[in-house]
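Okay, so subunit A shows up in both of these, paired with subunit B first and subunit C after.
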Partner chain A sequence: MAKLLDLIDERVIAEKVRTSVTSIPGIEVPVDQDADLSTVGPGWRVWGIGVHRVAGSLNIEIELIVTLNKKSSIPSISARVRRKVRTSIQSLTSEQIRWINLQILDVRLKD
Partner chain B sequence: MNIFNRIVVIAGSICLVMGSSSLFLITIGMVDPQEWFPAPWHEVLIPFTQLDPSRGWSVVGICLGGLIVGALLSFLELRPHSTKVPALVVEKDDLGHITASMTSIQDLVNREAENIEGVRESQTHVQNSSRGIHLQCRLSVTPHSNAAQLGQQVQKRIKAAVEHFLGKPVLGINLQTQIAPLTKHTKGIQSRVH
Partner chain C sequence: MTTTPNQVASQLGKTTISDEVVTQLVEIAAKEVQGIHSIAKQGIGEQITGFTQRFSGKSQSSQGIIVEVGEREVAIDLRIIAHYGVKVSDLAANLRRAIIDRIESLLGLVVKEVNIQISGLFFPENNPTETASRRVE
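Up next, the complex of A and B:
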(Lines of atoms letter the chains of each structure in order from A and count residues from 1; the text may use other names and numbers.)
(Lines give C-alpha, C1' and ligand atoms only; values in the text may rest on other atoms or scores of the structure.)
Protein backbone atom coordinates (compact mmCIF):
# COMPACT_ATOMS: atom_id res chain seq x y z
CA MET A 1 0.00 0.00 0.00
CA ALA A 2 1.40 3.35 -1.00
CA LYS A 3 2.54 5.52 1.85
CA LEU A 4 0.60 8.74 2.02
CA LEU A 5 2.74 11.84 2.45
CA ASP A 6 1.63 15.30 3.36
CA LEU A 7 3.06 17.38 0.53
CA ILE A 8 4.42 20.57 1.99
CA ASP A 9 4.13 23.72 -0.12
CA GLU A 10 7.31 24.42 -2.08
CA ARG A 11 7.39 27.95 -0.69
CA VAL A 12 7.58 26.62 2.88
CA ILE A 13 10.44 24.30 1.89
CA ALA A 14 12.32 27.04 0.00
CA GLU A 15 11.98 29.49 2.90
CA LYS A 16 13.07 26.87 5.42
CA VAL A 17 16.11 26.01 3.27
CA ARG A 18 16.99 29.68 2.91
CA THR A 19 16.70 30.33 6.66
CA SER A 20 18.76 27.28 7.57
CA VAL A 21 21.50 28.01 5.02
CA THR A 22 21.88 31.67 5.94
CA SER A 23 22.17 30.76 9.62
CA ILE A 24 25.59 29.23 8.84
CA PRO A 25 28.35 31.81 9.37
CA GLY A 26 29.99 32.86 6.10
CA ILE A 27 27.08 31.80 3.90
CA GLU A 28 24.81 34.15 2.00
CA VAL A 29 22.09 33.40 -0.52
CA PRO A 30 21.88 35.90 -3.40
CA VAL A 31 18.76 37.99 -3.92
CA ASP A 32 17.17 39.87 -6.83
CA GLN A 33 19.39 40.23 -9.88
CA ASP A 34 22.36 38.52 -8.22
CA ALA A 35 20.42 35.25 -8.21
CA ASP A 36 19.84 33.06 -11.25
CA LEU A 37 17.53 30.70 -9.41
CA SER A 38 14.26 31.21 -7.58
CA THR A 39 11.17 29.34 -6.49
CA VAL A 40 8.12 31.25 -7.67
CA GLY A 41 4.42 31.15 -6.92
CA PRO A 42 1.50 33.55 -7.21
CA GLY A 43 2.66 36.75 -5.50
CA TRP A 44 5.84 35.36 -3.95
CA ARG A 45 9.38 34.42 -4.88
CA VAL A 46 12.21 32.90 -2.86
CA TRP A 47 15.51 33.95 -4.45
CA GLY A 48 18.51 31.68 -4.78
CA ILE A 49 16.63 28.47 -3.93
CA GLY A 50 15.09 26.04 -6.39
CA VAL A 51 12.66 23.39 -5.14
CA HIS A 52 11.41 20.75 -7.58
CA ARG A 53 9.46 17.55 -7.10
CA VAL A 54 10.47 14.82 -9.52
CA ALA A 55 8.98 11.34 -9.33
CA GLY A 56 7.95 11.75 -5.72
CA SER A 57 11.25 13.04 -4.42
CA LEU A 58 12.61 16.51 -3.75
CA ASN A 59 15.40 18.15 -5.72
CA ILE A 60 16.89 21.22 -4.10
CA GLU A 61 19.17 23.70 -5.87
CA ILE A 62 20.87 26.37 -3.80
CA GLU A 63 22.95 29.34 -4.91
CA LEU A 64 25.54 30.51 -2.44
CA ILE A 65 27.98 33.30 -1.81
CA VAL A 66 30.66 31.85 0.42
CA THR A 67 33.07 33.68 2.69
CA LEU A 68 36.03 31.48 3.55
CA ASN A 69 38.61 31.88 6.24
CA LYS A 70 42.05 30.27 6.15
CA LYS A 71 40.82 27.06 7.79
CA SER A 72 37.65 26.49 5.79
CA SER A 73 37.25 25.15 2.28
CA ILE A 74 34.47 24.79 -0.25
CA PRO A 75 34.05 21.01 0.23
CA SER A 76 33.87 21.33 4.03
CA ILE A 77 31.43 24.24 4.01
CA SER A 78 29.32 22.56 1.30
CA ALA A 79 29.05 19.39 3.37
CA ARG A 80 27.90 21.50 6.29
CA VAL A 81 25.28 23.27 4.15
CA ARG A 82 23.95 19.97 2.80
CA ARG A 83 23.72 18.44 6.28
CA LYS A 84 21.83 21.47 7.56
CA VAL A 85 19.46 21.52 4.57
CA ARG A 86 18.74 17.82 4.90
CA THR A 87 17.99 18.15 8.62
CA SER A 88 15.77 21.18 8.14
CA ILE A 89 13.72 19.52 5.37
CA GLN A 90 13.40 16.31 7.37
CA SER A 91 11.98 18.37 10.24
CA LEU A 92 9.20 19.52 7.88
CA THR A 93 8.36 16.47 5.80
CA SER A 94 9.12 12.80 5.35
CA GLU A 95 9.48 13.23 1.59
CA GLN A 96 12.61 11.71 0.10
CA ILE A 97 15.39 14.11 -0.85
CA ARG A 98 17.01 13.12 -4.12
CA TRP A 99 19.48 15.93 -4.82
CA ILE A 100 20.89 18.89 -2.99
CA ASN A 101 22.88 20.73 -5.63
CA LEU A 102 24.97 23.73 -4.62
CA GLN A 103 26.07 26.48 -6.99
CA ILE A 104 28.73 28.75 -5.53
CA LEU A 105 28.47 32.08 -7.31
CA ASP A 106 31.15 33.96 -5.43
CA VAL A 107 33.96 33.15 -3.03
CA ARG A 108 35.17 35.79 -0.61
CA LEU A 109 38.21 35.51 1.58
CA LYS A 110 38.26 36.64 5.19
CA ASP A 111 41.63 37.66 6.58
CA MET B 1 20.53 42.46 -27.22
CA ASN B 2 17.56 43.83 -25.29
CA ILE B 3 14.03 42.52 -25.64
CA PHE B 4 12.85 45.40 -27.89
CA ASN B 5 15.68 44.85 -30.38
CA ARG B 6 14.98 41.12 -30.40
CA ILE B 7 11.28 41.72 -31.14
CA VAL B 8 12.25 44.06 -34.01
CA VAL B 9 14.67 41.48 -35.46
CA ILE B 10 12.12 38.64 -35.11
CA ALA B 11 9.34 40.72 -36.73
CA GLY B 12 11.70 41.85 -39.53
CA SER B 13 12.89 38.34 -40.27
CA ILE B 14 9.32 36.98 -40.33
CA CYS B 15 8.37 39.80 -42.79
CA LEU B 16 11.43 38.91 -44.90
CA VAL B 17 10.44 35.22 -45.00
CA MET B 18 6.81 36.02 -45.89
CA GLY B 19 7.72 38.65 -48.51
CA SER B 20 10.39 36.48 -50.15
CA SER B 21 8.17 33.38 -50.25
CA SER B 22 5.22 35.36 -51.69
CA LEU B 23 7.37 36.95 -54.39
CA PHE B 24 8.95 33.58 -55.17
CA LEU B 25 5.56 31.89 -55.61
CA ILE B 26 4.27 34.78 -57.75
CA THR B 27 7.37 34.76 -59.97
CA ILE B 28 7.22 31.01 -60.65
CA GLY B 29 3.47 31.32 -61.37
CA MET B 30 2.12 29.30 -58.46
CA VAL B 31 0.16 32.23 -56.99
CA ASP B 32 -2.04 34.71 -58.85
CA PRO B 33 -1.61 38.19 -57.27
CA GLN B 34 -5.14 39.21 -58.26
CA GLU B 35 -6.64 36.35 -56.25
CA TRP B 36 -4.36 36.50 -53.21
CA PHE B 37 -3.59 40.19 -52.64
CA PRO B 38 -5.89 43.22 -52.08
CA ALA B 39 -6.29 46.16 -54.48
CA PRO B 40 -3.15 48.32 -54.26
CA TRP B 41 -0.78 45.34 -53.88
CA HIS B 42 -1.75 43.15 -56.80
CA GLU B 43 -1.00 46.01 -59.23
CA VAL B 44 2.53 46.17 -57.86
CA LEU B 45 2.94 42.40 -58.01
CA ILE B 46 1.44 41.64 -61.45
CA PRO B 47 4.65 42.68 -63.35
CA PHE B 48 6.49 39.82 -61.55
CA THR B 49 4.26 37.31 -63.36
CA GLN B 50 5.34 38.72 -66.76
CA LEU B 51 9.14 38.75 -66.34
CA ASP B 52 11.37 37.38 -69.09
CA PRO B 53 13.18 34.14 -68.05
CA SER B 54 16.58 35.72 -67.25
CA ARG B 55 15.07 38.37 -64.98
CA GLY B 56 12.70 35.81 -63.53
CA TRP B 57 15.60 33.61 -62.40
CA SER B 58 17.34 36.64 -60.85
CA VAL B 59 14.20 37.44 -58.82
CA VAL B 60 13.88 33.76 -57.81
CA GLY B 61 17.52 33.80 -56.65
CA ILE B 62 17.04 36.99 -54.62
CA CYS B 63 13.84 35.57 -53.07
CA LEU B 64 15.56 32.34 -52.08
CA GLY B 65 18.41 34.38 -50.56
CA GLY B 66 15.91 36.47 -48.58
CA LEU B 67 14.10 33.33 -47.48
CA ILE B 68 17.30 31.72 -46.17
CA VAL B 69 18.49 34.90 -44.39
CA GLY B 70 15.05 35.47 -42.82
CA ALA B 71 14.73 31.86 -41.68
CA LEU B 72 18.26 31.90 -40.24
CA LEU B 73 17.66 35.16 -38.34
CA SER B 74 14.34 33.85 -36.97
CA PHE B 75 15.99 30.62 -35.84
CA LEU B 76 18.90 32.41 -34.15
CA GLU B 77 16.61 34.81 -32.33
CA LEU B 78 13.95 32.30 -31.32
CA ARG B 79 16.19 29.52 -30.04
CA PRO B 80 16.51 29.51 -26.27
CA HIS B 81 19.65 31.23 -24.98
CA SER B 82 21.50 29.63 -22.13
CA THR B 83 21.89 31.92 -19.11
CA LYS B 84 24.02 29.53 -17.14
CA VAL B 85 27.19 30.92 -15.68
CA PRO B 86 30.29 28.87 -16.63
CA ALA B 87 31.14 26.78 -13.62
CA LEU B 88 33.57 24.18 -12.37
CA VAL B 89 32.35 20.98 -10.70
CA VAL B 90 34.01 20.85 -7.29
CA GLU B 91 32.34 17.66 -6.14
CA LYS B 92 29.83 15.18 -7.52
CA ASP B 93 28.29 12.41 -5.45
CA ASP B 94 25.03 10.54 -4.82
CA LEU B 95 23.46 13.65 -3.31
CA GLY B 96 24.11 15.87 -6.36
CA HIS B 97 26.86 18.24 -7.37
CA ILE B 98 28.67 21.26 -6.02
CA THR B 99 29.81 23.81 -8.58
CA ALA B 100 31.77 27.03 -8.25
CA SER B 101 31.54 29.76 -10.87
CA MET B 102 34.69 30.21 -12.98
CA THR B 103 34.83 33.91 -12.14
CA SER B 104 34.88 33.17 -8.40
CA ILE B 105 37.87 30.84 -8.88
CA GLN B 106 39.62 33.35 -11.15
CA ASP B 107 39.09 36.05 -8.49
CA LEU B 108 40.44 33.72 -5.82
CA VAL B 109 43.61 33.04 -7.81
CA ASN B 110 44.07 36.70 -8.75
CA ARG B 111 43.67 37.85 -5.14
CA GLU B 112 46.19 35.27 -3.97
CA ALA B 113 48.70 36.31 -6.64
CA GLU B 114 48.22 40.03 -6.07
CA ASN B 115 48.92 39.59 -2.35
CA ILE B 116 52.50 38.64 -3.20
CA GLU B 117 55.00 41.48 -3.12
CA GLY B 118 56.13 42.30 -6.64
CA VAL B 119 52.87 41.34 -8.36
CA ARG B 120 50.86 44.34 -9.45
CA GLU B 121 48.08 42.67 -11.40
CA SER B 122 46.94 39.17 -12.32
CA GLN B 123 44.62 37.69 -14.92
CA THR B 124 43.68 34.03 -14.78
CA HIS B 125 42.08 31.49 -17.05
CA VAL B 126 40.85 28.25 -15.46
CA GLN B 127 40.61 24.95 -17.31
CA ASN B 128 39.00 21.96 -15.66
CA SER B 129 39.65 18.33 -16.49
CA SER B 130 38.56 15.08 -14.86
CA ARG B 131 41.95 14.81 -13.10
CA GLY B 132 42.22 18.37 -11.84
CA ILE B 133 42.65 22.02 -12.71
CA HIS B 134 44.96 23.83 -15.11
CA LEU B 135 45.60 27.52 -14.57
CA GLN B 136 46.96 30.08 -16.99
CA CYS B 137 48.02 33.27 -15.27
CA ARG B 138 49.29 36.52 -16.69
CA LEU B 139 51.07 38.70 -14.20
CA SER B 140 52.14 42.30 -14.32
CA VAL B 141 55.17 42.60 -12.03
CA THR B 142 57.20 45.48 -10.66
CA PRO B 143 60.36 46.36 -12.68
CA HIS B 144 62.81 45.42 -9.91
CA SER B 145 61.38 41.97 -9.19
CA ASN B 146 63.15 38.76 -10.17
CA ALA B 147 60.67 37.12 -12.55
CA ALA B 148 61.99 33.57 -12.05
CA GLN B 149 61.86 33.69 -8.24
CA LEU B 150 58.57 35.54 -8.21
CA GLY B 151 57.08 33.03 -10.64
CA GLN B 152 57.96 30.10 -8.39
CA GLN B 153 56.56 31.89 -5.37
CA VAL B 154 53.31 32.67 -7.18
CA GLN B 155 52.95 29.08 -8.40
CA LYS B 156 53.45 27.68 -4.88
CA ARG B 157 50.96 30.10 -3.32
CA ILE B 158 48.30 29.66 -5.99
CA LYS B 159 48.60 25.88 -6.00
CA ALA B 160 48.32 25.71 -2.21
CA ALA B 161 45.37 28.12 -2.11
CA VAL B 162 43.35 26.46 -4.87
CA GLU B 163 43.96 22.95 -3.56
CA HIS B 164 43.01 24.03 -0.05
CA PHE B 165 39.91 26.06 -0.90
CA LEU B 166 38.54 23.88 -3.71
CA GLY B 167 39.85 20.49 -2.65
CA LYS B 168 40.86 19.68 -6.24
CA PRO B 169 44.41 19.02 -7.45
CA VAL B 170 46.14 21.66 -9.54
CA LEU B 171 47.84 19.85 -12.41
CA GLY B 172 49.60 22.78 -14.03
CA ILE B 173 50.12 26.51 -13.69
CA ASN B 174 51.34 28.38 -16.74
CA LEU B 175 52.66 31.83 -15.99
CA GLN B 176 53.44 34.76 -18.20
CA THR B 177 55.06 37.74 -16.56
CA GLN B 178 55.45 41.24 -17.91
CA ILE B 179 56.32 44.65 -16.54
CA ALA B 180 53.72 46.51 -18.58
CA PRO B 181 50.14 46.66 -17.27
CA LEU B 182 47.95 43.80 -18.42
CA THR B 183 45.92 44.01 -21.57
CA LYS B 184 43.35 41.58 -22.94
CA HIS B 185 46.00 39.97 -25.18
CA THR B 186 46.47 36.30 -24.19
CA LYS B 187 48.90 35.01 -26.81
CA GLY B 188 52.21 33.37 -26.02
CA ILE B 189 51.66 31.86 -22.58
CA GLN B 190 54.48 29.41 -21.97
CA SER B 191 54.43 26.43 -19.68
CA ARG B 192 56.76 26.64 -16.69
CA VAL B 193 55.46 23.93 -14.37
CA HIS B 194 53.47 20.75 -14.98
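Up next, the complex of A and C:
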Protein backbone atom coordinates (compact mmCIF):
# COMPACT_ATOMS: atom_id res chain seq x y z
CA MET A 1 0.00 0.00 0.00
CA ALA A 2 2.79 2.39 0.94
CA LYS A 3 4.48 1.85 -2.43
CA LEU A 4 1.27 2.72 -4.27
CA LEU A 5 0.90 5.90 -2.24
CA ASP A 6 4.44 6.94 -3.11
CA LEU A 7 3.50 6.93 -6.79
CA ILE A 8 1.52 10.09 -6.36
CA ASP A 9 3.96 12.76 -7.30
CA GLU A 10 4.49 15.77 -5.05
CA ARG A 11 4.01 17.93 -8.13
CA VAL A 12 0.49 16.54 -8.61
CA ILE A 13 -0.33 17.20 -4.98
CA ALA A 14 1.13 20.72 -5.08
CA GLU A 15 -0.78 21.58 -8.24
CA LYS A 16 -3.99 20.18 -6.78
CA VAL A 17 -3.47 22.27 -3.64
CA ARG A 18 -2.83 25.37 -5.72
CA THR A 19 -5.90 24.81 -7.90
CA SER A 20 -8.20 24.17 -4.97
CA VAL A 21 -6.95 27.18 -3.01
CA THR A 22 -7.20 29.63 -5.90
CA SER A 23 -10.74 28.47 -6.64
CA ILE A 24 -11.80 30.18 -3.39
CA PRO A 25 -12.90 33.75 -4.13
CA GLY A 26 -10.52 36.37 -2.74
CA ILE A 27 -7.57 33.99 -2.41
CA GLU A 28 -4.41 34.17 -4.50
CA VAL A 29 -1.20 32.17 -4.29
CA PRO A 30 1.93 34.16 -5.15
CA VAL A 31 4.11 33.29 -8.12
CA ASP A 32 7.73 33.88 -9.11
CA GLN A 33 9.63 36.32 -6.93
CA ASP A 34 6.50 37.17 -4.90
CA ALA A 35 6.60 33.66 -3.45
CA ASP A 36 9.07 32.59 -0.79
CA LEU A 37 8.10 28.96 -1.04
CA SER A 38 7.86 26.40 -3.82
CA THR A 39 7.79 22.70 -4.51
CA VAL A 40 10.52 21.87 -6.98
CA GLY A 41 11.46 18.88 -9.11
CA PRO A 42 13.46 18.30 -12.28
CA GLY A 43 12.11 20.78 -14.81
CA TRP A 44 9.14 21.97 -12.79
CA ARG A 45 8.26 24.23 -9.90
CA VAL A 46 4.95 24.99 -8.18
CA TRP A 47 5.18 28.43 -6.56
CA GLY A 48 3.71 29.29 -3.18
CA ILE A 49 3.08 25.67 -2.17
CA GLY A 50 5.28 23.36 -0.13
CA VAL A 51 4.58 19.63 0.02
CA HIS A 52 6.62 17.46 2.36
CA ARG A 53 6.29 13.81 3.23
CA VAL A 54 7.24 13.15 6.83
CA ALA A 55 6.90 9.70 8.39
CA GLY A 56 4.34 8.60 5.85
CA SER A 57 2.06 11.62 6.14
CA LEU A 58 1.79 14.87 4.22
CA ASN A 59 2.72 18.28 5.54
CA ILE A 60 1.49 21.10 3.35
CA GLU A 61 2.51 24.75 3.47
CA ILE A 62 0.65 27.40 1.52
CA GLU A 63 1.41 31.08 0.99
CA LEU A 64 -1.63 33.24 0.58
CA ILE A 65 -2.58 36.71 -0.56
CA VAL A 66 -6.01 37.35 0.87
CA THR A 67 -8.66 39.87 -0.13
CA LEU A 68 -10.94 40.51 2.82
CA ASN A 69 -14.37 42.08 2.78
CA LYS A 70 -16.41 43.30 5.73
CA LYS A 71 -17.81 39.84 6.45
CA SER A 72 -14.60 37.82 6.20
CA SER A 73 -11.64 37.39 8.50
CA ILE A 74 -8.34 35.56 8.50
CA PRO A 75 -9.55 32.82 10.90
CA SER A 76 -12.63 32.09 8.75
CA ILE A 77 -10.61 32.16 5.51
CA SER A 78 -7.94 29.90 7.05
CA ALA A 79 -10.54 27.35 8.11
CA ARG A 80 -12.08 27.43 4.64
CA VAL A 81 -8.71 26.95 2.92
CA ARG A 82 -7.83 24.02 5.19
CA ARG A 83 -11.19 22.34 4.60
CA LYS A 84 -10.93 22.79 0.85
CA VAL A 85 -7.34 21.52 0.63
CA ARG A 86 -8.03 18.53 2.87
CA THR A 87 -11.09 17.54 0.83
CA SER A 88 -9.36 17.88 -2.52
CA ILE A 89 -6.24 15.98 -1.46
CA GLN A 90 -8.28 13.21 0.14
CA SER A 91 -10.06 12.79 -3.21
CA LEU A 92 -6.64 12.21 -4.74
CA THR A 93 -4.90 9.99 -2.21
CA SER A 94 -5.57 8.16 1.02
CA GLU A 95 -2.35 9.51 2.50
CA GLN A 96 -2.84 11.19 5.84
CA ILE A 97 -2.51 14.97 5.96
CA ARG A 98 -0.77 15.96 9.14
CA TRP A 99 -0.38 19.74 8.89
CA ILE A 100 -1.70 22.44 6.61
CA ASN A 101 0.30 25.52 7.54
CA LEU A 102 -0.75 28.85 6.07
CA GLN A 103 1.37 31.96 5.65
CA ILE A 104 -0.56 35.16 5.04
CA LEU A 105 1.84 37.26 2.97
CA ASP A 106 -0.48 40.10 2.11
CA VAL A 107 -3.98 41.30 2.84
CA ARG A 108 -6.11 43.48 0.60
CA LEU A 109 -9.29 45.11 1.78
CA LYS A 110 -12.39 45.25 -0.37
CA ASP A 111 -15.18 47.72 0.43
CA MET B 1 11.55 36.70 3.80
CA THR B 2 10.73 38.96 6.72
CA THR B 3 7.90 36.87 8.05
CA THR B 4 8.24 36.29 11.76
CA PRO B 5 6.63 33.44 13.65
CA ASN B 6 3.29 35.12 14.32
CA GLN B 7 1.54 31.83 14.49
CA VAL B 8 -1.96 30.95 15.45
CA ALA B 9 -1.74 27.23 16.05
CA SER B 10 -4.56 24.78 15.73
CA GLN B 11 -4.77 21.02 15.59
CA LEU B 12 -4.80 21.25 11.82
CA GLY B 13 -1.78 23.49 11.36
CA LYS B 14 -0.49 26.99 11.95
CA THR B 15 -1.55 30.25 10.39
CA THR B 16 1.34 32.67 10.16
CA ILE B 17 0.57 36.34 9.68
CA SER B 18 3.48 38.48 8.56
CA ASP B 19 4.37 41.66 10.45
CA GLU B 20 3.79 43.57 7.23
CA VAL B 21 0.15 42.46 7.11
CA VAL B 22 -0.51 43.65 10.67
CA THR B 23 1.35 46.91 10.00
CA GLN B 24 -0.58 47.47 6.79
CA LEU B 25 -3.94 47.03 8.54
CA VAL B 26 -2.90 49.38 11.36
CA GLU B 27 -1.91 51.98 8.76
CA ILE B 28 -5.21 51.68 6.89
CA ALA B 29 -7.22 51.91 10.11
CA ALA B 30 -5.22 54.93 11.28
CA LYS B 31 -5.67 56.83 8.03
CA GLU B 32 -9.45 56.48 8.31
CA VAL B 33 -9.52 58.32 11.65
CA GLN B 34 -10.35 62.00 11.43
CA GLY B 35 -7.71 64.34 12.78
CA ILE B 36 -4.72 62.29 11.72
CA HIS B 37 -2.56 63.87 9.06
CA SER B 38 -0.09 61.02 8.59
CA ILE B 39 1.95 58.30 10.22
CA ALA B 40 5.25 59.76 11.40
CA LYS B 41 8.51 58.54 10.04
CA GLN B 42 10.43 56.44 12.49
CA GLY B 43 13.67 57.44 14.08
CA ILE B 44 16.55 59.58 13.02
CA GLY B 45 15.70 61.51 9.94
CA GLU B 46 14.29 61.24 6.49
CA GLN B 47 17.56 60.42 4.78
CA ILE B 48 18.19 57.34 6.83
CA THR B 49 14.52 56.41 6.64
CA GLY B 50 14.67 56.59 2.88
CA PHE B 51 17.86 54.57 2.85
CA THR B 52 16.48 51.77 5.00
CA GLN B 53 13.20 51.88 3.13
CA ARG B 54 14.98 51.02 -0.09
CA PHE B 55 16.34 47.84 1.49
CA SER B 56 13.41 46.88 3.71
CA GLY B 57 10.74 47.44 1.06
CA LYS B 58 8.49 49.06 3.67
CA SER B 59 6.50 52.15 2.83
CA GLN B 60 7.67 55.34 4.50
CA SER B 61 4.54 55.70 6.58
CA SER B 62 4.62 52.14 7.91
CA GLN B 63 8.00 52.80 9.49
CA GLY B 64 6.23 54.77 12.21
CA ILE B 65 4.38 51.61 13.18
CA ILE B 66 5.97 48.85 15.22
CA VAL B 67 4.04 45.66 15.87
CA GLU B 68 4.83 42.76 18.11
CA VAL B 69 2.74 39.72 17.40
CA GLY B 70 2.44 36.70 19.63
CA GLU B 71 0.47 33.52 19.17
CA ARG B 72 -2.81 35.13 20.11
CA GLU B 73 -2.08 38.74 20.98
CA VAL B 74 -0.58 41.78 19.34
CA ALA B 75 0.96 44.96 20.74
CA ILE B 76 1.19 48.06 18.59
CA ASP B 77 3.26 51.24 18.88
CA LEU B 78 2.66 54.04 16.44
CA ARG B 79 3.77 57.60 15.92
CA ILE B 80 1.43 60.00 14.23
CA ILE B 81 1.24 63.58 13.00
CA ALA B 82 -2.03 65.09 14.19
CA HIS B 83 -3.94 67.98 12.70
CA TYR B 84 -3.55 71.11 14.80
CA GLY B 85 -6.73 71.92 16.76
CA VAL B 86 -7.90 68.36 17.27
CA LYS B 87 -8.46 67.26 20.86
CA VAL B 88 -5.67 64.77 21.34
CA SER B 89 -7.40 62.60 23.93
CA ASP B 90 -10.40 62.09 21.62
CA LEU B 91 -8.10 61.44 18.69
CA ALA B 92 -6.16 58.81 20.61
CA ALA B 93 -9.34 57.11 21.82
CA ASN B 94 -10.81 57.02 18.30
CA LEU B 95 -7.55 55.77 16.84
CA ARG B 96 -7.19 53.04 19.46
CA ARG B 97 -10.78 51.90 18.90
CA ALA B 98 -10.37 51.86 15.11
CA ILE B 99 -7.17 49.80 15.27
CA ILE B 100 -8.54 47.32 17.81
CA ASP B 101 -11.75 46.84 15.79
CA ARG B 102 -9.84 46.30 12.56
CA ILE B 103 -7.21 43.90 13.90
CA GLU B 104 -9.54 41.84 16.07
CA SER B 105 -12.24 41.49 13.42
CA LEU B 106 -9.99 40.77 10.46
CA LEU B 107 -7.09 38.85 11.97
CA GLY B 108 -8.69 37.27 15.04
CA LEU B 109 -5.84 38.47 17.26
CA VAL B 110 -6.43 40.14 20.61
CA VAL B 111 -4.96 43.64 20.74
CA LYS B 112 -3.13 43.90 24.04
CA GLU B 113 -1.73 47.43 23.68
CA VAL B 114 -1.97 50.37 21.32
CA ASN B 115 0.64 52.92 22.32
CA ILE B 116 0.27 56.20 20.49
CA GLN B 117 2.87 58.90 20.29
CA ILE B 118 1.88 62.25 18.82
CA SER B 119 5.19 63.18 17.31
CA GLY B 120 4.10 66.29 15.46
CA LEU B 121 1.29 68.65 14.55
CA PHE B 122 0.22 69.57 11.06
CA PHE B 123 -0.65 73.21 10.42
CA PRO B 124 -2.57 73.52 7.13
CA GLU B 125 -1.52 77.18 6.65
CA ASN B 126 2.12 76.08 6.51
CA ASN B 127 1.43 73.88 3.51
CA PRO B 128 0.30 75.98 0.56
CA THR B 129 -0.75 72.98 -1.48
CA GLU B 130 -3.34 72.02 1.13
CA THR B 131 -4.81 75.46 1.89
CA ALA B 132 -8.21 76.09 0.45
CA SER B 133 -7.98 79.87 0.09
CA ARG B 134 -5.47 81.98 -1.82
CA ARG B 135 -4.47 85.54 -1.02
CA VAL B 136 -4.36 86.60 -4.64
CA GLU B 137 -5.81 85.31 -7.87
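Just so it is clear, the second predicted complex is superposed on the first by the 104 of 111 C-alpha atoms of A that agree within 3 Å, B and C clash if a C-alpha of one lies under 4 Å from a C-alpha of the other, contacts with A are read in each partner's own complex, and residues count from 1 in each chain.
Note that contacts are C-beta pairs under 8 Å (C-beta built on N, C-alpha and C of every residue); 3 or more make two chains touch, one makes a residue touch a chain.
Quantities reported herein were computed from a predicted structural model and do not represent experimental measurements.
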{"item": "Room on subunit A for both subunit B and subunit C (clash or fit)", "value": "clash"}
{"item": "Which of subunit B and subunit C A:Val40 touches, first, second, both or neither", "value": "neither"}
{"item": "Touching partner for A:Asn101 - first (subunit B), second (subunit C), both, neither", "value": "both"}
{"item": "First, second, both or neither for A:Val12, with subunit B first and subunit C second", "value": "neither"}
{"item": "Which superposed partner A:Arg82 touches (first subunit B, second subunit C, both, neither)", "value": "both"}
{"item": "Part of subunit B, among the options 6-14, 42-50, 60-68 or 132-140, whose backbone runs into subunit C after overlay", "value": "132-140"}
{"item": "Contact residues of subunit A, present in both the subunit B and the subunit C interface", "value": "36, 68, 73-75, 78, 82, 99-107, 109"}
{"item": "Complex contacts: residues of subunit B adjacent to subunit A", "value": "83-85, 87, 90-91, 95-101, 103-105, 107-108, 111, 164-167"}
{"item": "Subunit A contact footprint on subunit C (complex, rising order)", "value": "1, 3, 8, 12-18, 20-21, 24-25, 28, 105-108"}
{"item": "Touch list for subunit A against partner subunit C, complex", "value": "36, 60, 68, 73-75, 78, 82, 86, 99-107, 109"}
{"item": "Subunit B contact footprint on subunit A (complex, rising order)", "value": "36, 59, 68, 73-75, 78, 82, 97-107, 109"}
